[in-house]
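Each structure below appears as structure tokens.
Each of the two complexes below includes chain A, the first together with chain B, the second together with chain C.
Showing the complex of A and B:
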């Protein structure tokens, strides 16, 4: 069992990350505990962020909401500021796991996990969020569109931790998140999509249909709903690279990805017409 | 490393010894003796190990005990038979084997505290992470609606 370190400050936490052997940041801990039980998580030292004051803050700024890494997924779903500022993000966080797991799971840990099936990244991608990464070397900003680099791998270095997520205000238009699971309602999704239509551009964030969450955008000028669906399906085609598993084979997941994107685009178009 | 922490369980302080990797579930069952807290799936998906910490539901099977030093924990033992949720579950026959029921009762308590008059859909949504393999879901939903009435009559 790894040693549990419980620092009182962010400085102490990043110091630990740069000095102890094979460290891992411990956020909400829900994913970590599951991976430990599955015998596929290897760390010698956990650096627990729960005792550090200030990491649970949601801070409004000029057109941007900065979310502390220990803000629970549940609060991302229910907090009125998040719901008003970026309703698409609130909806994606609402769809994570179940209410009890959302109480414990953290917004920072969620993206640091880097799993290709996560719901929130699809919304963060279309909203063009920024991840703050801190270490003893300071804090740098990583556009979320450059954050998910490979299968279960993020742009976070081993001595860094996610110290915040900056979410720009959702622009006028329409945003929809849709996910489909193939085994059970609470299982990992088999395909998920966030669609944000703003001005003449359609932004699409994809989950579970490639080794990383994917982002594409396409021009939606003058399109009706069927035209938008066709444009969206053409745009996602090069990004579809599903991993076959117990939830479905490649052909099934490709088809479900297209159905999921189509549902999200049609729902967004309906919202635009009723706006 | 063994550390001594204090858990306030159902209003009573318990001084317990835990290791870095001790789960809240195991402390509550083995040291505190609140055996209504049960292991089911072990991955936060079934709800049998639910407790409330400061009123918020937690999967104790995924919770490191050391992080709960000083926390106010509620288990089903902390609710008496006159409690609106407990009495509604009894009257609606919302249990068959009963293994999952403490978790359902605590999730329902959390729901009704946050949202005293939930819709049927809100009841279903809040209990989505709790599994009853006997399949008493219709009775459970009715029990939660009954408890809502009882706690805050229209």
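Showing the complex of A and C:
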């Protein structure tokens, strides 16, 4: 049976990660519990962050909001500071799973899970957020655009934990998050996209359509909505690398990715016109 | 109000609050004390001979009491280890060979469940692989055989001729011949054909299967999640070679079932282990294991429907193949009962159906809400829709013209009674606005409407019994073996008895099935309880009313004909005596009971050996219709249901609220089957057998509007005219949705489920053909 550790401080937590065998950080547990029940997650030591003070704080700074790793997904969705600072992020968090999961899941655990289908990373990518990774060696900053390195794999080292997410203020412009499932409405997304149009640049974060969340940007100078859609579809094309499974084959997932991006771009363009 | 509790009243079910708040305790909630917790080591091979089973490492683990293999059990029980409702082909633990990935091979008994489960990973099996039979095509090609020979059980005499048949994967064939359908097709003016597929699915009841078994004073006692306590008692008695009096099977309220908890699930293994080891054993399936216990039959149907130049239906031909997996279970019954309604509820001059039950190396398929009929309804309701389009006729009007009416003989030879298809179809068409203009949409979102009807027989012949204890305080205790799994049977049985006895139904307690106490009842399945057990309950209540009237006649010293049972008590002229006072006066004791018993048994005429026809194949019919309006997003292929109407002829609604809930629940389950619900297997390996991947309808998949419609065409012999309704609503959902998709975007899909991917692929193919 795995051992559950409940450290009181972040220092204790990272100390445990550097000393115990085969550790795993335990945040909200919404992913871990399912994987344990399915018998496909093996850890000898769980390091639960729930008792560490301060990890549930949302801290405003100069143009940056720092989110503690144990802030719930639900709070990322509802907190007025997040909604004012980065409404696109709040919208992506709002669409995660269902309210029961959002109340339990943590913002840090969400990205540490590293699943290619997660909703929040698409928004964090276009907003150019930074992940704080702590260990006994100190805390380093990882740009979120370098965080998702491979299928179910992040830049977090084995002795590190996500100790915060820094989200820059959403610049003026328009942002939209859209996701589509291919089977039940409440199923994992089959394609998701965050689109942020700011100044002359269109930033696109893609979920579920490649082994990792993907980010691309393209020039939107002088484009009308159809031109923006065409530019966006051309920009995402090299990034589309869907994994065929029960939710759809490669051709269908590519098609759904394009439809999802088109919807997000058109919605953002409409917002710009009404701004 | 008192009348709310009588027939036709909308009284609340007695257990709503308890079920919602978790106060109703289920089998898995029962404390078991000192018991051996059982986990199962499962086959990793779809088809292989079992060599050595290495149990030493598992046995050496602390807390492990015993590890038993199929060979161990076979030594003790011999061929009695093989059980099943139609074929005695399924061993409690695989013996000599495994037939599907996930089949139980060895059972670990341990001090706790975690230890037992961990120890199953320490069991190793040497396999000698055999050629696998992955699907219907492999099976019918017939080079590898899942079973060496057929082993019909002793239950059904009509399967006896199949005993010992070798070199086939077809365990049963039902054939319907009515006229010369081939000639009629050739002579007909318009023929539509189709290759239809409905995939295997799983029931996914909320409550997981759980069985606790122990030996008490030489008797095998069992508490288990089953819809079929009387069947399980017989099976266990046969397995252990005990008289029925030495086997006791009890249940608790089930948390849903839909056919998943019937016949031989965990019970034979639990009984064999308890009997062999002398220990109290507890088996519970994990959610992942539950997917392997039983499934709905995947079914392929190759079919045609032909009309003459005037649009009359002249020929229906179908070849139906049910994939029953590694064990027949009740597949042969499904093959016949569904095969015979494959032409649909229509006036058709001729019909030819061949319906086969086929073994493959997959988890066994068994009963599932609809009993195989939704799979053939998928065929006949798609065909007739397409034929209407072909003839330029309105699909609603074309069906209506051909639907069977009261007294009509269906192609399989049985007449229609209390099966009002026309009113069902009219009501759903009206509900969804069929006769109003449709805003079809011109861009990416297209709108369409579809209808479908469904027909199903009830399990016949069957037996129901009821015992009623009338308590001196004018309350009553009803003993029946119907299992309330959420359908509300206890509530409506109380309403039936209360109506006869002119009393408040809330003063009637229904005893849970306990084969030591409650009388034999065939099964709680096939929507049969309201009619069959309901009739037994009505009869037992009438017998009790007669007893009370006799006591009243003595009391008043008048003839029985001059005594009436009223809500106030027994009345004769101006005089009234409360029932409690009357019974107290009779016995001279408080708390005394009066007892009555009653039986209701139905009969049938077996299928003609040559034609498969029968003048009475069923005690009664279920008739239903579905209407749907939906949109299709042509960019994503996603279907959005705007309005779904579901109508069922229930004869008479004992409780209209519960009838509406059954229609609604069946419709929602059917929406899953239509749009995304399926078990996906790859080379015999289940790939989506977890709730992370398996798709069930959530609240967000429901139609914007869902309208249940109760149609009442009373049955002459039903209790107060009533029939059951558990399956009626599911029969036509998938074809109604597919027909609406056809109406919206012009593509005819014949493979379920109608995933967005399959819809956009069909749209692309259509564009290619048109360009």
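Simple rule for what comes next: the second predicted complex is superposed on the first by the 275 of 275 C-alpha atoms of A that agree within 3 Å, B and C clash if a C-alpha of one lies under 4 Å from a C-alpha of the other, contacts with A are read in each partner's own complex, and residues count from 1 in each chain.
Convention: contacts are C-beta pairs under 8 Å (C-beta built on N, C-alpha and C of every residue); 3 or more make two chains touch, one makes a residue touch a chain.
Bear in mind that the values here come from a model prediction, so they are computed numbers and not experimental data.
Of the two partner chains placed by the overlay, only chain B lies in contact with A:48; chain C stays clear of it.
Once the two complexes are overlaid on the shared chain, A:99 sits against chain B while remaining clear of chain C. Once the two complexes are laid over each other on the shared chain, residue contacts for A:6 go to chain B alone; chain C is not touched. Looking at the shared chain after the overlay, A:259 reaches chain C, while chain B stays out of its contact range.
Of the two partner chains placed by the overlay, chain B and chain C both lie in contact with A:34. According to the touch criterion, the shared surface of chain A, contacted by chain B in one complex and chain C in the other, consists of residues 1, 34, 37, 185-186.
Chain contact summary for the complex, chain A toward chain B: residues 1-4, 6, 26, 29-30, 33-34, 37, 46, 48, 50, 74, 97-101, 103-104, 185-186. Contact residues on chain B toward chain A in their complex (touch as defined above): 1, 19-21, 23, 42-45, 47, 50, 56-59, 61-64, 66-67, 107, 110, 125-126, 128-130. On the side of chain C, the complex with chain A involves touching residues 114, 286-288, 635-638, 672, 675-676, 680, 687-688, 690, 692-693, 695-701, 755-757, 760-761. Per the touch definition, chain A reaches chain C in the complex via residues 1, 34, 37-38, 180, 182-188, 246, 248-249, 252, 255-256, 259, 262.
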